[in-house]
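Following are the structures in question.
Next come two complexes built around chain A: one with chain B, the other with chain C.
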Partner chain A sequence: MGSRASTLLREEEIEEIKKETGFSHSQITRLYSRFTSLDKGENGTLSREDFQRIPELAINPLGDRIINAFFPEGEDQVNFRGFMRTLAHFRPIEDNEKNKNPTASEPLNSRSNKLLFAFRLYDLDRDDKISRDELLQVLRMMVGVNISDEQLGSIADRTIQEADTNGDSCISFQEFIKVLEKVDVEQKMSIRFLH
Partner chain B sequence: LFSTPFSCVSWANLHMDLRAKEKNRQLFRHDTNGVLDKKPQLSLKQEIQELRGCAGCLTSEFNLTDVLFFCRKAMENVVDDDVTKRFSPQKLDSWNLLTRNNHNFCHISLRLKVVWVLGLLLRYGVLLPLRVTLAITGICLFLVLSTLVGVLPNTRLRSCLSDKVHLMGCHICVRSLSAIITYHNRQNKPQNDGICVANHTTPIDGIILANDRCYSLVGQLHGGLLGMIQRAMVTSSPHIWFERAEVKDRHLVAKRLIDHVADKTKHPVLIFPEGTCINNTSVMMFRKSSFELGCTIYPVAIKYDPRFGDAFWNSSKFGLVRYLLRTMSSWAIVCSVWYLPPMNRKEGEDAVQFANRVKSVIAAKGGFVDLKWDGGLKRARVKEAFKEEQQELYSRLVVGVSQGADNAASDSAKES
Partner chain C sequence: MGRGGSVRFWIFGSMLLIGVWGQEPKSERHDEHGGGSNVSGISIVSLEWEYVEPPYLVALWILVCFLCKLVIEANHHVTEFIPESALLICSGFILGGMIWGADKVQTFRLTPYDFFHYFLPPIILDTGYSMPNKLFFTNLGGILIHAIIGTCWNAASLGLSLWGCQIGGAMGDLNVGLLQYLLFGSLIAAVDPVAVLAVFEQVHVNEVLFIMVFGESLLNDGVTVVLFNVFNAFVTLGGPRINAAEIIKGIISFFVVAFGGSLVGFVFGLLFALLSRCTKNIQIIEPGFLFILGYLAYLTAEMLSLSAILSIVFFGVCCQKYINANMDENSVRTMKCAVKVFANGAETMIFVFLGISAIDKSIWVWNTGFVLLTLLFILIYRFMGVFFLTWFMNLTRLVPIDYTDQVIMSYGGLRGAVAYGLAVMLDEAKIEEKKLMVSTTLIVVYFTVILQGVTMKPLVKWLKVKRAASAEKTLIEKVQNRAFEHILVAIEDISGQKGNNYLRNKWFKFEENWMSRILLRPSVRERQDKVFNVFHQLNLKDAMSYVVEGERRGSLEFIRNESAFVDFKKKFGEDMTMSMPDIMADMSDDRSAASSTRKESVPSVSLEVHEQAMRGTRAAEGLDSHHLLQQHLYKGRKQHRHRYSRSHFDINKDENEIQEIFQRTMKSRLESFKSGKMGVAPPKTITKHTRKEQQQKLQNKKSKSRLSGDEDFEFSEGDSASGYDTSFPVRGGYRPGAGIENPAFMPDVDLPLQIPPWLEDVDSVAPSQRAQVRLPWTPSNLRRLSPLRISTRSSDSFNLAEAPGDHQDDQLPPPPTPPPHRDGDVV
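The block that comes next holds the complex of A and B.
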């Protein structure tokens, strides 16, 4: 009860988040309510354990990678701004945004940024290339113990072979975009938030 | 008596709405429908094949797009999941003038604050002391009378008296909580030959049910005041209390239960198969142990009205005494109890299926969400086995096709 004042969101903060992420006022307050309900320590930040307490997330084979995406490089806590910034990638692209001022900075939920988010799920060391090892790591996370190393290796090789156009045995971001060019990323990587 | 707090609450909410409009601000309402626009979920197989189809590779065993399915699912669960919200009090659409429910309804006006303070004084200054006195009187009376009846020889007179003493104790406790209970379908009331199961929200559940007829409770023997009450209860009526060490011995527990149920003179056993308190919006996994015994099951659904007081005991947040104080300083505990027709295990049905069948009947009656998740997730981590299940489902999509490809390759090799 005592820390109630510090857990209320101020109007200025809501405006800032609105500008940065494009969420509406009511969406931000709802997501703040969700943030505080996950924050068991009541200190205004979430740790990895707070995320892992969600059973459906804990059983997701890529759960750990997704949770990682919330935390900035080398940090163990994420505040509400960071939380919203990551979620903003999954905001649906509205029609009126497509014709926005082209000189304004790219919104977090643009097609390109959504693809970059997906790319970074593979590219753990952030060297802008998905190496064979990185691909194998993700594959292993998704299949568990059900497929042998050799089979997984050949799947990885085949995937790189198909996507690699410049012959460096890695998948760059451009090659990644090419593979996914026909995918409706706007829909597949969006969550329908209530207004 | 009842309508005054209710009209106060309605006035308060109307007032808040008006003031918010004045200040041209959107009044925050807890979205009781969640944050997401829920659409029907496709299966893992369907979604991934859809993704692969988009990318133009239906025959591949793996595609870079596969990861998008898990990614989006994970994000949806970060924003809204089915489980974690069951372990905190139900969020109300509007404020009921109880501080504890005041999450985001910050200071609106002076008038409202005055009403709130008056309500506070009334609840803590008048209602709480009255109720506590009544409760203490009731418990003392019960302890004395129960022990006295226990002294009598084991005759019909004794069981008759002990029933009356138990019911009296419950009536007083119910009054002390200002509980307003509506019993539905009394013709289905549990009989002496079975086990009564109900959804669990609070320790008061037992008192609410025992207010209508006598039950035999099952549980661990505690120390202190609770233990004293337990021992007094068992002198006059056969409850099933276990020592701490005995609780782990499942065969012992099962045997005692079966023996008890077989004896038609003894009351039905009351069990809460969820194993822990849930917040009354859903029914979670029923432990199968009560359903293995082959006895008749009498399902009961208990639904609390959250507007007058939150009955849910959040045992990880505060202890029993604080819970009782909170409950006794709410406006009232209003609940509905539905007795459902008795159920038996069908031919070829195993205990888990039977448990799920009973659970869905209770969920349907009470308007609860029927969940497969274990209530134990309140404190424990989810089992790795569930993640492995997901991995296995996905692997089938990868292996299934590549096995076909390998066969085709070996076939063509044979041919050439």
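The block that comes next holds the complex of A and C.
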């Protein structure tokens, strides 16, 4: 703890992460160096402030929410495993993976896991429903200041209307999946990670 | 369109008149000028035509060309299908016809001298100055490959094939030597920047594609000039005298011409940048330097027989960043505007004259085989060349260029006036078939510009029709799509997918330490450094000193001072330093580098026709929401495309968006930070308060809170919220990003005075050291208002004047005793 050298990634860890997330060896090492460069406190974990130091996030409307998504429920530090786990959602879905092992648990970058990630950005209280308020919040973040609250409210209402099938004026995860079925989520939520 | 019709009639009529009249004076001689020896005495008014003839004609022609453009642009339903350049050529045909009819001789034509000295420089200056540098340099490898190898391939293959066909007898009894064919090949091989731009303006292609074709068209001038001169020399020398030495000389001359030209441009660019450091007192004519120095760069390269186009391109590319930063905003705007005026005007005239030059019997020599084969080969070899080279490049590119784009790239290889100019410059004595070559060149130009221009849009539409999203999207799809973009951008930033290019880092360091230091004005550097600090470190301490500095200077003044406003565009727009956030539009290399798999998230070709049609089919009620959303959703960084356009220049529209987002993020972080300190979660509900309400509440409420209504301090607070000491206990329930309020309606958060004094060690802070007070929070407080803070700064902030008196201060506990200085930890 303290010097960079002592926090080098061990081979076993890399293997574990590889199995869990599907990243390649070189990708993991590269992301690890990114992790350490963000980790100003050099204690092997990232806090929210470390993320907030990334300047571009400050001008991303959903920046803070996304930062939040890295941290498991109630915790304020994320270690490298957790970091990779979140990033793994964004691995592109490769064709050969689709048929690999039907009995294994769903890979992190499957379509529904990607959608779950997006869903969780809205659903802060983790009740598996996007309420009108939660939707309003996200909408407000994504929209300029020129829309009044009433207008935004009506947009939110319409949005819920379109998606809500069971009439509870909330969007459940199933409804979320359904309404986005035409969207090419695999592509829109994938990054090609550098080797 | 009756009105349009009559306007057109009048314009054509007047042009006819002008055209005809322009010829008349030749046949008249005015003797009055020749001496007062005439009988009648003093003439009160006399016609001094010859005296004014040259400039008059020039001005008249400029007027005529502009009028053509006016007429063309008035008919948008035509320009939808036929690109403007093609229409201009057609107007040229008409005008040429009129003049021919009046004169039986083509008195006006596009002479190479005029073309290369007057028409071409402004256009290239515009491209250089408005070049999206980052995009350009990121793709420079690919561009160079296409420019150099592609052009050589085109030239060689065309020359050889034509020669082969001649031997095969396809051209009748033409007798042109191999060298001459190669010469012809070299002049027609070059893709023309003017034509490419003109056509790509209609069809919005994605930026990588655009910069590839466009960059190639600019840089291949180096190759063209060399090839042309070399082959010209060879033709002069004659076949037998060509030996290895000459060929080697030819190759060397390529490097000399290309690099020499660029170097000349570079030197002038640096000169200009240095100069702009000192032009503070002559702001009124600052913009003029751009044109003069640019033109000089061009002419100097011309003089040294180096590549003039490369020179002026690199002049623009090099000086952009520094002059835009150094010069006053008005000057920059003037330059951007003026350069577009000149470029647009020159382009218009080129196309019109290209058309006029056709109406001339004397130049036309037709050889079916030659012409048709040339056209055929040009197309074929272009496709072959592009596909092969792209395949080669895709092996090493992170983002492969897909087939559709390759087709568009090949099809977009238009030839234009440069080829024509070079053809006319051929020496008739050495090349007997000059007329044939000129005619063929003209035909090629017309073919590519008119036919390929017209069919480009339909081709693109046809190619992309599978990909473009045709279904009407639900609201949530739209929102979610945008959200995906934001998410991806954020993840890319977090995972640092910028790519740590060693060379680029070195360049940035060098540029930062040396060039910026020398070439930027000290005040500009200061400003940039300040912003640099704020951003890069996101350090609370620094932010505090920043806020305090503003305080000290008097809040109003600080607010109104532009330097307080984060000039994103200036700082980041052209900035190539990696450590600075690449916010603005042209920072798109990251997009291309990492986003191959999401190429289609935004259709790379947008056709306005399609969108308009879609819009029209929506129901009225739905229309509102969709429309509203469409209008107001923040564009992700990916959509802030830098579109180089001959006819528009950006006026910082994106900046507002970024400002808003930034302020809001900082505000929410600040609140979270505060709430973290307080140990209470910030309110999740959206609080809605107008300022007036606030004031009233202030009067009425008994709570120990007060707000300072200072909207303008948002930015400064933003800084202060940036990152905080991890030593502060952040209790559970911290929810960043929750409780997002609409900043327009929200009561404005006041200055972050809760920052413990131990974090401030800046001397200038001293005057406003009061009140690091904490308020006991009660849930009820939270419900009503966003985080509460006392603003008890003693300085001259107007917020104090607004808020009610200071009676609340006495009730507050004294500031907590500062723990030992913990500065080190924060950094």
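A few notes on this one:
Just so it is clear, the second predicted complex is superposed on the first by the 189 of 195 C-alpha atoms of A that agree within 3 Å, B and C clash if a C-alpha of one lies under 4 Å from a C-alpha of the other, contacts with A are read in each partner's own complex, and residues count from 1 in each chain.
Throughout what follows, a contact is a pair of C-beta atoms (placed from the backbone, for glycine too) under 8 Å apart; a residue touches a chain by one contact, two chains touch by 3 or more.
It should be emphasised that the depicted structure is a prediction, and the values quoted were computed from it without experimental measurement.
When both complexes are superposed on chain A, chain B and chain C occupy overlapping space and clash.
Using the contact criterion defined above for the overlaid structures, shared-chain residue A:60 touches chain B and also reaches chain C. In the superposed model, A:29 makes contact with chain B only, not with chain C.
By the touch criterion defined above, A:149 reaches chain C but does not reach chain B. When the shared chain is aligned, chain B and chain C each come close enough to touch A:193. In the superposed pair of complexes, A:79 makes contact with neither chain B nor chain C.
Judged by the touch definition given at the top, the superposed model places A:138 against both chain B and chain C.
Once both structures are placed on chain A, chain A residues 31, 34, 37-38, 51-63, 66-67, 70, 87, 90, 117-118, 121, 138-139, 142-147, 151, 155, 159, 163, 171, 179-180, 182-185, 188-194 are touched by chain B and, in the other complex, by chain C. Taken in their complex, chain B has these residues touching chain A: 26, 28, 30-31, 33-37, 39, 51, 54-56, 61-85, 88, 91, 99, 103-104, 106, 373, 377, 381-382, 386-392, 394-395, 398-399, 402. Listed in rising order, the residues of chain A touching chain B in the complex are 1, 8, 25-27, 29-31, 33-34, 37-38, 51-63, 66-67, 70, 87, 90, 117-118, 121-122, 138-139, 142-147, 151, 155, 159, 163, 171, 176, 179-180, 182-185, 188-194. Partner chain C is touched in their complex by these residues of chain A: 31, 34, 37-38, 41, 47-49, 51-68, 70, 74, 76, 87, 90, 92, 117-118, 121, 124, 133, 136-147, 149, 151, 154-155, 158-159, 162-163, 171, 179-180, 182-185, 187-194. Against chain A, in their complex, chain C makes its touches with residues 398-399, 471, 474-477, 479-497, 499, 535-538, 580-583, 593-601, 622, 625, 628-629, 632-634, 637, 657-658, 660-662, 664-666, 668-669, 672, 684-686, 688, 722-724, 726, 730, 732, 734-745.
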